[in-house]
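Report on the structure given below.
Chain lettering (A, B and C) follows the sequence in which the chains are written, and residue indices restart at 1 in each chain.
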Amino acid sequence: MSEALDIFASAGLWGAVLRIATPLIFGTLGALLCERAGVLNLGIEGIMTFGAMIGWLAVFQGGSLWFGLLAAALGGAMFGLLHALMTVPLGLSQHVTGLGITLFASSLSYFVFRLVVPVQGTPPTIEPFQPIDFPILSDLPLLGSTLFNQTAPTYLAILFALLLAYILARTPLGLAIRMTGENPHAAEAQGIDPIKVRIGAVVAGSALMGLGGSFLTLSAFNSFFPTMVQGRGWVAIALVVFASWRPGRALLGAILFALFDAYQLRLQTIIGNAVPYQLFLMIPYVLSIVALVAMARRARVPQALMQPYRRGER
Amino acid sequence: MGEGRLMRLERREHRPIGLVVTAPIIAILVALGLSGILIALAGAPVLEAYQRILISAFGSRLAATETLTRTTPLILTGLAVAVAFRARVWNIGAEGQFYVGALAAAALGSQHGLALPGYALVPALMLVGAVAGIVLLLLPLALRLRFGVDEVVTTLLLNFVVLLFVSMMIEGPMKDPLAFGWPQSVPVIGDALLPKLVERSRLHIGLVFAVIAALIVFIVQSRTVFGMEARAAGLNPSAARFAGVPLGATLVKVACWSGGLAGLAGAIEVMGVKGYVTTDLSPGYGYAGIVVAMLANLHPLGVVAAALFAATMFVGSDGMSRALGVPSFIADVTVALSLLTMLVALFFTTYRIRR
Amino acid sequence: MTSSPVLRLEGITKRFGSFAANDNITVELARGEIVALLGENGAGKTTLMNVLFGHYVPDAGRVLVDGRELPAGRPRAAIDAGVGMVHQHFTLAPNLTVLENVMTGTESLLGWRSRTGPARRKLTALAERFGLTVDLEARVGDLSVGEQQRVEILKALYNDARILILDEPTAVLTQPEAQRLFEILRVMAAEGLSLIFISHKLHEVLAAAARVVVLRAGRVVGERAAKDTSKNELAELMVGRRVSRPVREAGAPGEAMLTAEGITVRVDGVRRLVDCGFTLRAGETLGIMGVSGNGQTTLAHLVSGLVHADEGVLTMFGERRERENPRRLVALGVGRIPEDRNSEGMIGDFALWENAVLERVRQPRFSRFGFVRRDAAKAFCAGVIERFDVRGGTSDTRTRLLSGGNMQKLIFGRNLATTPKILVAAQPTRGLDEGAIAAVHEEILAARRAGTAVLLISEDLDEVLALADRIQAIVNGRLSDPVVTDAIDARRLGLMMAGEWAKAA
């Protein structure tokens, strides 16, 4: 029992937490941005997959790691544009469109990957992001390995969280996005074009999702393999609800989640074969469902979420 | 009224029947066309690739039976999704329901399972599989009815939980001690295996069950009180409520049909094809079922045709891939694209563009 | 009026099809003046204001602000000219704060920071100047309706409106809140703003406005200075000298089919019906009259089985039945005509026969062993189509293709074909043309003749006067005592609808 608690004291745990949280942070922020404008983007799982693939591919073909990130963001934005065009001006079902995008983006990822990298024994690897070494800070006892020994994308994720929080809360653009998600007719009556705002938000949000996927191949692992996203996209969707659609809480929620995940990995080594490892792996998904139920009637949903906006119809 | 815009969307007065029927065909053609671009990018001749897909799917006895074998689970998962979507129950968990149905059938069909005579065992296991699928879908539905939690995400998350559960079972209590290589479950006994439709092929009578299921669903939807009420609940919940349709109870019944069909799909796949459960028993049948359902415009008989299309793509691409070097994922891409093109095609049956 | 008017609507005509909602209307507004636009539902008030604000393009006439003509059909032009509108249904986002709601769209989207400081100062100054105190940081959803309305007014003022239009501003306010609003309006007028408010409530119009313009059937029928007129005169102008000779013949009401006493119904925590009492007798039509938003929908839902009474006693056919569901009521013999035929009455994608039997499909007549008896259902539908002259299709036609009037005939038909004991009709002629209205009225009278107890809930005075034997007014969820229709006149009618029940007695 004390061993179980000791895990919390280990330096490795907290460092792993931020690492595991990074794709979740990106994904949740991306989904949050779309939903704040009123669009549910269920293409997230596929977009993250594609981001993982294209980012890796860009580096594999000789680009820099930062170029890989850019490629992932652009790839995500592309699928975001497709989703937005179908759901906003045309007003097609956001549920089914999103699922279609997930299927399309995932399968396209595997297709392109297989095209460039034929089947072989071990998949090829690239040189991933290395943890950044800060002069004195990295050597601090617990804080050092946690906060000051991460790769660049992780810092980017935290930066985006803070940036998005600021934009949504304190800028006219953020207000326009929020108003579009709450009452697009009111937004229009006050001179904002809800269609353009929604399209923009979905494209930007999908770019973030793509970045989240690319962390998996450019930092966490160094190769791409099918189904590597493992449902993180859906967890992110649940986390958006859990975070009450606020970026700051999304950051904390993702970290909390990652804590459970990192913890269960280490707990496995202690408990050994007594408990099947699959039970531990189930925890994130089960927790997501619990989080959804817990926040169900309490969360302040953007009022116009999932309602297509048609001009002139009141 | 309104600022000057280049184009306006105008709702059609009625849906032209011609368009409604040809919409799936147009959607598929457009999807194939777009895939053609990818095939060309892969450096293969496009028309020849299409030809090879068809030949690989139907060119020989072996090919045709394989395609039909793959059609069977797709019909059932397609029905499962279609039934649910019609009532606006977003069941994306057909994949998970498939696996619990398979697991339940394998568990109770193995030598430690039900001790029933041959002719009773198959129907019993089919029932068991269906029940397992029902139970799995009722949980997310209960969360929706009680707490208002959107079932899209919960059914999706459960898919992952189920897959891990299956892995746990076949590496643990249900492990087959005699199998080498990848873990698999204990096999079902001989009596539980479905007879073949065609000798020396994988095609089993599950196909017949699947088509019968489609007919039954069609009859229920179009002829029964429940079918009418479920349709009403999906089309216009407030009018349904006004007319006295008990919405909650109706949705529960819909979930039973939907989860049951998906679970049945898993049970039949086990009993008909391999005889045991592995973690790759389903190459995404649950998700493909969504595409099948949408291509069929949620019509049970259309599901059979749409399932055949999807199976053709999957089986055909394997052969084409071997011959031309185009990754076989092209099938998944085409099928996914046809979902998107179908949505757009359906849109144009309801709206037209006006200058 | 020495200076030229700040606003002039000149010869405005607006038609919808053959129906003239506004017919050659001319209205003027001076600076610092409060004018009330009075009229009952359908008189053309909202249409006129929509023309002013640019939501509609008039077929004839023009709008002049400070002598300059406004381009038609452009809300932006109206806003820029200083015209602000406070709609009856607010365009607010409940999850955002007051400040956020007001500031939306007022700054360039490229700005790096919302300049909340100057905005707060401007709003605080406006609030103080006009007495529109409201907490800027409060979440709009938490505010009372009166406070939300103040936010709407602030929005218009923040955008530098000099002419303010308020559409039925007191429809959703309590008495004290309405008083506060009038004080605010007086302050605004004194500060040089010009105001038009639309209303049907006589005492408010007299209390708040300097001048009253009365509309009826799309025309201006009178203009009075508030101090020179009275409620009685206005009521008569508004309602008109209706030669509404009852089309109904004398009836002999039978036994009571439904009795309600002390009924209170709460919806989402708000009391929509308060201590209501009424009786429905066989062969008699009881008319419930009132402007929408006073509880009619809840009343209709109560008798239709969609909501249950929280307090009170409801007796139907001799037994207490406070908790019945729609199916049971239909089986017992209650016919229901819903208020919104599209969202409640019909399923657009169903065939006509399916809509005809859906609420009765579980009866042995239409189903057996769970299977629908299609032939019986289609025959029933064909019978309804013929008997009630439903045009536009056969039993198999998709319902969406029918016109509103024919859909309504089908709805009536499916209920009346089974000779119900009680018929509840909510806004049965809303959105219908004259021919369809006549047909519906004939059906209601026929049902009454056949001995059905009819509950008619309607905003249309003509309709209620023509069809009902007795009338009760509904105001803020309460019902007045019943009055025999033959004993009523235009004056009393207007007073009843305005809630002046003591004076109407």
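Convention: a residue touches a chain if its C-beta (ideal position, glycine included) is under 8 Å from a C-beta of that chain, and two chains touch if they have at least 3 such contacts.
What you see is a predicted model; the values in this text were computed from it and never measured.
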Inset, instruction - Find the chain most remote from chain A, comparing centres computed as mean CA coordinates. - result: C
Legend entry - Among all chain pairs, the one with the most C-beta contacts: A-B
Legend entry - Distance between the centres, which are taken as Cα means, of chain B and chain A, whole angstrom: 28
Inset, instruction - Would you mind pulling out the distance in Å between where the CA atoms of chain B average out and where those of chain C do? - result: 48
Inset, instruction - Specify, in ascending order, the residues of chain B that touch 2 or more different other chains. - result: 1
Inset, instruction - Would you please write down the residue numbers of chain A that are in contact with two or more other chains? - result: none
Inset, instruction - Would you pull the chain B residues touching chain C in the complex into a rising list? - result: 1, 13-14, 223-226, 228-229, 231-232, 235-236, 238-246
Inset, instruction - Flag every residue of chain C that touches chain B in the complex, lowest number first. - result: 55-57, 73, 304-306, 325-327, 330, 336, 338, 343-350, 354, 358-359, 361-362, 367, 370-372, 374, 398, 400-401
Inset, instruction - Under the touch definition given earlier, write down the residues of chain C that touch chain A in their complex. - result: 75-76, 89, 91-96, 100-101, 103-114, 155
Legend entry - Sites on chain A touched by chain B in the complex: 42, 82, 86, 90, 92-93, 95-97, 99-101, 103-104, 106-108, 110-111, 114-115, 230-231, 234-235, 237-238, 276, 278-279, 281-282, 285-286, 288-289, 292-293, 296-297, 310-312
Legend entry - Contacting residues of chain A [partner chain C, same complex]: 170-176, 178-179, 182-183, 185-187, 189-192, 300, 302-303, 314
